[in-house]
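The structures come next, written out as structure tokens.
Same chain, two partners: chain A is paired with chain B first, then with chain C.
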Partner chain A sequence: MPTHSISGNRGLQIEEQLIFEQDNPGQTGVDYPDIPQAKNRLGGLDREGEIGLPGLSEPQVVRHYMRLSQKNYAIDSGVYPLGSCTMKHNPRLNEKMARLPGLADLHPLQPMQTTQGAMELMSSCANWLCTLTNMPVVAMSPAAGAHGELCGLMAVRAALEDQGYARTKVLVPESAHGTNPASAHLCGYSVESIPAKENGRVNLDVLKEKLDGEVACFMLTNPNTCGLFENEILDIAKAVHDAGAYFYCDGANFNAIVGVVRPGDLGIDCMHINLHKTFSTPHGGGGPGSGPVVFSEALAPYVPVPYVVQEGDTYRLVEDEASAEGKPFGRMKSFHGQFGVFVRALSYMMSLGSDGLRQVARDAVLNANYLAVKLEGSLSRSYEGVCMHEVLFDDRFLKDTGVTTLDFAKALLDEGVHPMTMYFPLVVHGALLMEPTETESKQSLDQFIEMVLGLTERAKGDNARYFEQAPRMTPRRRLDETAAARKPVLKWVPPTEEA
Partner chain B sequence: MRYLPLGQSDREEMLKDIGVSSVDDLFVDVPKSVLLDTPVDLPKTAGEMQVERSISAMARKNLGTSQAPSFLGGGAYRHHVPAAVDHLIQRGEFLTSYTPYQPEVSQGTLQYLFEFQTQVSMLTGMDVANASLYDGATATAEAVMMAARVTKRKKAVLSGGLHPHYRDVTLTQARFMDFAVESADVDVEGKEDLTALIDDKTACVVVQNPSFFGHVKDLTGLAETCHEKGVLLVVAFGEVVSLGAITPPGAMGADIVVGEGQSLGNAVNYGGPYLGLMACRQKFVRQMPGRLVGETTDVEGRRGWVLTLSTREQHIRREKATSNICTNSGLCALAFNMHLTMLGEVGFTKLAKINHAHASLLVDRLEEISGVELVNESFFNEFTLRLSKPATEVVDALVEKEILGGIPVSRLYPGDSDMADLLLVAATEVNTVEDMDALVNGLKEVL
Partner chain C sequence: MMATVRFTKDHEWVSVDGDTATVGVSDYAQQQLGDVVFVELPETGTSLNKGDEAAVVESVKAASELYSPISGEVSEANGALEDEPSLINSSAMGNGWFYKMTVSNTAELDELMDETAYKGYIEGLD
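Our next item is the complex of A and B:
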């Protein structure tokens, strides 16, 4: 008896070709009026030959993307406990607001008397962020978390240069996200790493030893990437400042403490906020994000252009260094930042309000601790005690089962859920980092727990092969990443050109 | 609160299971002195209606480009985006997924990014393109750093026709990397010759085409000069639609191409989010920043896609990575990919031709106004005018007539008095004859 369908389709899982393979030359999905007669002023540089774009009509295009969408998992489909990524529900009100005429159709270089409402909105968004963090100023322009890190470090460097010596090093904990050292490098610093203590927190003694006159900045994620609050943070801040260095906080995990702890009370000098994490703006399969950076008084003079100022009832953008009041270190991005993301984040903050945002952190932490307690009997927890908004396990529980963290994650795909973050942070072996967020119901957590416990039992019952072969029911099974990297095929080429 | 599924009884049950009496007990690691016991001083929870009212009120204080004849460009262009595009990008499977870390359940994202990379390499005439950067300005700075890695040299030459924000972002980055940047004099007329600035210490030359002032230039000579000295030619663009009408950078000898992709699929959004594009020659691909999607097969031999060459990236290489970028412009890339798919070869080239024709017709009419002089000999959909009065005054007077008449160049070159009378004007397919009438009549009255 045949086991495969004739088409390769598996019920609702439809095989979909690339748009280039659906080319119907001359076809188009957009009707324009005729091209008006006009003088050609392209300077003799008219494009010659075909570009190679395929021709498809609107129904074909709609079906193509509909089918592609069905090959994706998303937070709209189910629990997405990707640690460090804060995959929470993305309210649709935010999308509606960002598309309002008068916002989406505003050009960044319109005269400022025609964009007063937009600047008011930016200013309002900035005010929410400053109040929630208890920091005096915010640079709104960075495009994502990593870009915010770079922005914060540039301000640090500019401040130190002003004091006469930029110093040479940035310290980061071993558990730091890869963007931290990468950003330090882009800011001209070398990177040294600080080990963690037994309890998963920064080793303050080692930190103090390393804090010499060459250290420009200490970058710390708090809560850290093991899901733990750095309980010695006030002493850390003091030690950093005593050494004449600045204290950067990676705010990727702000969701754990929003409305409960204000980072400005912790002695930090700057922190980026991923609006696409804590403030619910969609990840969109990889972006766009937005990474505003809040600054302490010490670094405030160095914030980059542009920024909005309010004079009476009027708003104005300060767009160039010469007309700025402080000593801006430069510019991070074209125009004024990820405005469309600000609209979404503001819509979210206004919806929840100060009381709702506080509840967000409390529910996020409650959900993570619930997972921790329900799973720690069967999985191996890396650090005991309470956690914040995410809980870290390592692969000790899989010892001698022949199952790896990767296999375990792939088996979860067959259960119809997205796995946790794997192999990050690097401080424990075979990490599994789970962040449920506050937008999961108890019922959804219970179902997830049941699946994880069931799989754990299966893993311990001599079923390595089941895991090795997983996933079986996803649109694709395991893909050969080694082959992809060895001989990269990064674009479609017409069959005739291939040979 | 509508976004929070836990009810009070759920919370109590969960606390019991955890073995603590209150959520406060879960915050024991936080020093007492910094723990807030009440909400911060900001407005309280609000329903959809209230939020919608507040944000709409702010929106109404603005004059949107769809509400007035509008001729603004300067690196951000209003185009017609087909209805299907905005509908489809809002499908939850696209909108609410993360970066495709689990390829088996992310083939939708990976496939459209592979299509996107292919489209960008076709448009630019280059071998390979990445899966997007933040915007045109950051892409330019990334290209300069990439050129430095490839050539192991530490100096860049920037054309005077480069968008001032692209220049400033590059200068900011360069300053912190101890990298020398020489910016040529501002090139309003489009007549600069960069040869004298190029030597064997130069890593790259960055030129924009069409330039910030709108000039369309043949770069083949410059490419030859660069290559003779082992210098890379980086070509930037602010208007991707131009590539439907003019010779692509790849055909003129570019080594790296960067630009702004906002025009396809994405609204002007008061400046963001936008879409950084980057393409290069095959041999430089391992020095590229950003994510790359590659083709492969699964264990059953079926074609599929994965993120690849990730040893360039921060999560593997940390401080040795080619860039710190992580989150990029995924959904904007999807909108670009869809819009271009809707257009196809016929639609895209027609769109480009309509843009050029509209700009050309507008120029014919503007040149007849006394007090208006065209600076450009060539242009695509944007050009520079020299007015008989300061451009800011003229633009402000046009606003009084509800016309968004262009960008005073001085806004981007503050303090440079030579720029005071220059106005940058763009026309796209959305500008009607009535819009053009309004601008022409408005200018006649104002000048």
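Our next item is the complex of A and C:
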């Protein structure tokens, strides 16, 4: 009996060719009129060759992208417990607000008297962020988290230069997001790493030893990437300030404490906030991200332009450094930041209110602890006790099974869910980092738990081959990541031109 | 004369013959890294202090740095790794060497582990 379909398709899983492979020269979805005869003003810059777009009709193009989208997995399809990424539901109310014509059709170069509502919106969004963090000012323009880190560090550098010496080093914990050292390098600092203690938190003694006159800044994620609250943060802040350095907080995990803890009360000098995480705006291919940075009084004078100021009933955008108060270090983006994301974030904050935001943090922590308690008997938890918004396991539970963290994650694909974050943070071996977020119901958490426990039992039951061969049911089986990295094919070429 | 091989806690090895040292990553390190897909090597003439970042190694799983186990000046980089990073996986202690250097202070070797001590060290890690 045949086991495969004639086409290679499996029901609605269509074997789809690349759009260039579907080229039917001359076909087009638009019917342009003949170009009218006009004087050529291109000054000799006429295109000489074809631009090489494939020829397809409109229904072919629509089907192509529909079929690709059907292969996709998204937070709209199911549980997406990607630790440190906060893949939470994107409320549709936010989308409705962002599509209001008065907001969606704005142009960034419109005269200010015609964009008063938009500036009021930016100002409100900024006020919410300042209030939630208890920080006096915010730079709204950074485009995402790492851009926000760079913005914060540039303010630190400007402040230190103002004092006479910019210093040379930035300290980051071992468990930091990789963007922290990258941002520090980009800002001209060398990076030194601070080890963790047995309990997964920063080793304060080592930090104190390293805090010399060359340290410009200490960057800390709180809760950290092990899903743990850095409970010595007040002592850390004091040690950093005593050394004349600034205290940066990576606010990627602000969703665990929003409405409960105000970073300004912890001695933090600047922190980026990922609107696309804590404040529910789309990300992971559906972005863009947005990374406003809040600043303490000490760094407030160096906040970059542009920013909105309110004067009576009107709003004004401060665009140039000369007319700004303080000593802005420059600007981070050509326009004002991700306005469409501000609309969605403000919609989220206003619809939930301060009590709702506190509930967000509490439920995110509750859900992660529910996973922790249900799974810790079978998987190996890296740090015992209560976790914050994400729970960290390592691969000790797979020891001697022949199954790796990667195999385990691939097997989860066959179960129809997006796997957890793997091999990060680097401080534990074969990490599996799960962040369910507050928007998963108990029912969906229970289904996920059942899959993970079932796979764990299977892994411990001498089934290494099953895991090595996973995934079996995805559109493609396991890809050769090594060949893809060593011999990448970066551009499709027509078969006739292949070398 | 047999070359002296020493190891660091960060899983680099250094083999010293006279005043020339060859540096690479240990077999344990390549196993932990998985398939290596890219290396960035130091330029000849680069002067390195013990503990300085000397090279970058990227695998399918992670990117990490190779820190110079001892001080000295780079005399040769193993250009073969740029075309064939898999040499690190197939021969970490042999053809997969990263660079050679002229040693400035052989006394630094005494601070490193010999093969027996290193074996004990990695057993303690598992």
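One rule holds in what follows: the second predicted complex is superposed on the first by the 485 of 499 C-alpha atoms of A that agree within 3 Å, B and C clash if a C-alpha of one lies under 4 Å from a C-alpha of the other, contacts with A are read in each partner's own complex, and residues count from 1 in each chain.
The criterion applied here is as follows: contacts are C-beta pairs under 8 Å (C-beta built on N, C-alpha and C of every residue); 3 or more make two chains touch, one makes a residue touch a chain.
Quick caveat, the model's predicted, so the values are computed rather than measured.
**Student:** A:260 contacts which: chain B (first), chain C (second), both, neither?
**Tutor:** The answer is first: A:260 touches chain B but not chain C.
**Student:** Who does A:485 touch here: chain B (first), chain C (second), both, or neither?
**Tutor:** It touches chain B and chain C both.
**Student:** For chain A, which residues lie in the overlap of the chain B contacts and the chain C contacts?
**Tutor:** Comparing the two interfaces on chain A, one with chain B and one with chain C, the shared residues are 481, 485.
**Student:** Which residues of chain A touch chain C in their complex?
**Tutor:** Going by the criterion above, the answer is residues 423, 426, 481-482, 485-486.
**Student:** So in the complex, which bits of chain C are touching chain A?
**Tutor:** Per the touch definition, chain C meets chain A at residues 35, 37-38, 58, 60-62, 85-86.
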